[in-house]
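Listed next: structures, encoded as structure tokens.
Each of the next two complexes has chain A plus one other chain: chain B in the first, chain C in the second.
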Partner chain A sequence: MKNFGYTLSEDRQINYDKNDKKILAYVKEHEPSFNICISCGTCTATCSAAQFTNFNIRHLYTLLKRGEVTTLKKEIAKCMLCGKCLLACPRGVNTRNVIIKINQAIEKYSL
Partner chain B sequence: MSYDPFVIPFSAGAIILFIILIYKYTYWIITLSKADTFKLLKGLFSIKFFKAIKEIVLESLFHRRIFKINPVLGYMHMSFALGWLLLILGGTLENKIHSHKPFNAPYEPIFFKFFNHDINAYPWANEFKFVMDFLLLFVLSGVLLAFFKRIYSRLFGMKKTTRLKLGDWFAMMSLWFIFPLRFLAESFTAGMYDNGGFLTGNAGRFFASFIPLQDVSYIAWWAYSIALGTFFVALPFSRYMHIFTEVVLIFLRNFGIKNCKVYNSFSAIEVNACSRCGICIDKCQLLTSSRITDTQGVYFLQSIRNNEIKEEKAFDCLLCGRCQEYCPVGINLNNIRISRRFEFATGNQNYDYISSQVEKTAPVIYFAGCMTHLTPSIKIAMESILKTAGIDYLFLDKNGSICCGRPLVTAGEILKAHKLIEKNTQLIKDSGAKTLVTSCPICLKVFKEDYKLPIEVLHHSQYLLRLINEGKIRVHHSKESAVYHDPCELGRGNKIYKEPRELLNKVVNLQSVSQEAELGLCCGNSLGGVQLNTVQRDLIRIDALNVLQKNNPNYIATACPLCKKTFVKSAETDVKDIAEIIWLSMQNSRKPKFVHEIKQPKEEAVIEL
Partner chain C sequence: MNKKRIIVIGGGIAGMEAATNLSAMGYQVTLLEKENELGGHLLGWEKLFPTMRLGKDVIEFLNKGIGLTHIQIIKNADIIDARKNDSIFSVKLSDGRSFESDAIIVATGYDLFDARKKEEYGYGIYDNVITSAELEELFLSGKPIVNALGKTPKKIGFVHCVGSRDEKVGNVYCSKVCCVTAVKQSIEIKEKIPDAEVFCFYMDLRMFGMHFETLYKQAQEKHAVNFIRGRLSEACENIDGSILVKVEDTLAARPLRMSVDLLVLMVGITPSEGTKKIGAMLGLNFGPNGFYKCMDQHTMTTVSNVPGVFFAGCCMAPRTINNVFADSRSAALMTASYLENYSIEKRTI
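What follows is the complex of A and B.
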């Protein structure tokens, strides 16, 4: 292909009717407290891993809902499961278990 | 050699039992890891062998640990184990003296009274009669207690006893029948020949008055033999497998073989050594506070033996270790639980972002830990104390904490944890420190257990006590009262009970609480409780706080930032970490001196301050 010095952007559209909701369903089934998350971001603010890198739990939830599995898998690998987010969460979401369940779902569906 | 067809059920049962036992133990010992096999061989020819024998006598026969928990319960277990063994030994000796032969068929001592009726034909016949009857009575008293325990377990200091599966009921019933049937069979025979000791002789005469003993005695011997045979066949498949496995476990443990958080044949031996006595049930806060009734140690081990890999059973646990502290067999329940969680672990990790450069080198490292960063007052107090004492230290995780790896271990992610352990070990080595001080018992546990550091690892309560004893910091005893809450990982996890109390006694009036030290309550937010929901955690916290706040102390002192963070949520009393209390006391002890120094020249200024 001829190089014009610019490329076409990758398609960033997300079709909510067709995206992959398997992991989301798995997490909601096994850790129902995920449903009460208000996306306040306290978890991200307190996160140990976020001190060193751009790891962002709230963003993980967005990725999860959108079904962006590849990015989700890459990002979630940074979590150290220290549990600070769990203690900080004002809604009582079992955030640590949400991470564990996402990891398990990724493994289960071999994504 | 005497023989009668009724010995067949007993003999067949015994042969089946020993074939199964030999197969199982051989399999487990062969599949031990190389290092463990080496330890086993080395241990067999060392002093450890005799230590193991001593422990077997004390624990497997006398049941010393159960006696400490409840004397009646201890007596019940002892009467079965010691009583039955002595019955077998006594019977064998009696038979050998009687027959003048060194060898005998295995059933002969068991059914001695059936084959021999000549009471004065051998030396010490009368003594044997008395001893054997006494031992039978001893075991029968245990059977009676066991029966009452099933009906009313509170008599034995247990609120709940184990719910048994069908196989266990079957084995238990056959066990319960063995000794009454032996009593009946021996009494009937004694009644027929007018011999027997104080128990069987008198009972025999009594039965002879209204039962045609000629007809029933043979039936009783058959029934006794069938009960024995049934029990032997059921033994390897029921909880009674512990009888022999506990002996093997005690040997292996004394030889230095440990549970290494991965399920192997040593874990299998531990699982089979569980007698399902149910002592762990009452100790579990998930039962007493959160009303989860099927996850306690005994049920968890039962599910492993039945090959049911249930995720909830593996994950519904705080790993607080209260059950394992009271386990009379000494099974490492926490590590078995972690080894089961490991089966659900995923390998997805990328910790490349962690820097591995230290700021400076120093003789002392202070590692606050993630949870301490969540309760900054503790780290401020610690830093102030260290600075006042003039310690040259390196705050290893000052700018954001690298996790120690213990939370990953508790979630079963052992491989991921080892990545962090490698990174942190490198950091600690690079710092050139001789002492590592941490504020978090969770970190302390992993530093001591998994890091294999060549340096001294201390919890801050130990380090602060040392600073006070060395005179580097001065504290002031106040009139305030406090209760101390034992964090799970510090107390049961690292066996540190004494130092925090000694430290607190120097600064406050320490009150005792009803459940402390080994029985200390978990705050409910333990990182081990991976899948517990908020309500279940809260119930544990509330119950723990009720115990701690009962006598209205001025402070609840704790030594764990996670416990502090949990308790402050709903405590009516001030919750302070030990480091904060010490720092407060240091400030108070300095104040009078400070005021005195500047009092004379500028009195008003002080008042303004």
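What follows is the complex of A and C.
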């Protein structure tokens, strides 16, 4: 058969209904300030890791809120837990603790 | 003439308009202003959003009202005591004069946020970091726009929400007018320096007013103002005196750094010293943000917890000028209701 070069593409949509929100629930329960983020990006602007890696804590938060958790473990390993983001956040989110809670949830659910 | 007397504290837009309305109703009105001139913050503002009308036109309108009526105007009034005895209020000044009245309108306005408290943006440390009020003064002076190095700035950044929506400085509320002021000032900069690049660093653009969105579109369409969605984490000085800003471009999802020749901080609205002082003297309730607390957020915004004391303008919350006019006239009506015993200002729900 002639190959026209067509392939099946993977679905890029966030499948919100199917996504696993266990980690999200754990973080929200143990660090409720996670809820009040307004995605201003001050954390990422001041983040040392973000200058040299593709780590983006603000973006990570959004992905977690949508249940996009497949890359979480790899991502949070880039955080040095320095806490600069914590000092800069205008909403007073305990950003550093969110990372720690994500880590705990990953361990708890053996993800 | 009605014998009932009213003291209006504060001679900005709110106080001037409230005094005019009450005097027109026939009351004996005394207007106390701490400065040597009526007009308040508006005196330092060249053009007004969203129409670019001159601030001095509005001052002229207010003065026409004062001119039509019989208001006793006391300038340089430094109030050292204000109290209510039975139903009579007495206000004392530091020069020994005192005044009595049957009601008081408090129109003590706002103070601009002290940008030095947001130390990471370098105001008061780096010469090329200025406030929106200072830029406006520069516009008003008619002088050419130059930075601290005496050069025409080619890249200008506007930082939204300085001292607003910021738990770390203790002001969690939105100051309401700064977003559209940044858009207005961006347009004015582009009109004065057409080849300049202008960047607004914002979290949300709150274009709530009827023509604000049009002004925003005009800034994009006609003046090519750049909008970058992200809040600055810090600003520092380059060796040549330009300012390096650090921000996340959240829509690109990457940290961004940029040097600008001039950085303008959009300073927010905070409760004024006068608001704090007069509130303490009269026993007025304060809300969680330090502005006066009214009797009802929807229905009694100009009514205070002390019978006979009414509010007008930015002493209650950040306000646009048209809001302040509405407030002032409302406060005048509520005061008249109180003095004539109509009791409509006593309704509760």
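As a working rule, the second predicted complex is superposed on the first by the 104 of 111 C-alpha atoms of A that agree within 3 Å, B and C clash if a C-alpha of one lies under 4 Å from a C-alpha of the other, contacts with A are read in each partner's own complex, and residues count from 1 in each chain.
Here is the rule we use: a contact is a pair of C-beta atoms (placed from the backbone, for glycine too) under 8 Å apart; a residue touches a chain by one contact, two chains touch by 3 or more.
None of the values given here were measured: they were computed from a predicted structure.
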Superposition on chain A - do chain B and chain C clash or fit: fit
Superposition-derived comparison: chain B or chain C, residues of chain A touched: B
Touching partner for A:Thr46 - first (chain B), second (chain C), both, neither: both
First, second, both or neither for A:Lys73, with chain B first and chain C second: first
Touching partner for A:Ile106 - first (chain B), second (chain C), both, neither: first
Partner chain in contact with A:Ser33 - chain B first, chain C second, else both or neither: first
Which of chain B and chain C A:His59 touches, first, second, both or neither: second
Partner chain in contact with A:Leu81 - chain B first, chain C second, else both or neither: first
Contacts of A:Thr95 with chain B and chain C, given as first, second, both or neither: neither
Gap in Å between nearest CA atoms once chain C and chain B share a frame through chain A: 6
Residues of chain A at both interfaces, chain B in one complex, chain C in the other: 46, 51, 87-88, 92
In the complex with chain B, residue positions of chain A that touch it: 31, 33, 46, 48-49, 51-53, 55, 73-74, 76-78, 80-84, 86-88, 92, 94, 96-97, 100, 103-104, 106-107
Partner chain A, residues of chain B touching it in the complex: 344, 346, 348-351, 353-355, 370-371, 373-374, 399-403, 407-408, 411, 413, 416, 420, 525, 527, 530-534, 562, 565-566
Residue ranges of chain A touching chain C (in the complex, touch as defined): 38-47, 50-51, 56, 58-59, 87-92
Contact footprint of chain A on chain C as seen in their complex: 120, 161, 165-168, 203-204, 229-234, 246-250, 253-256
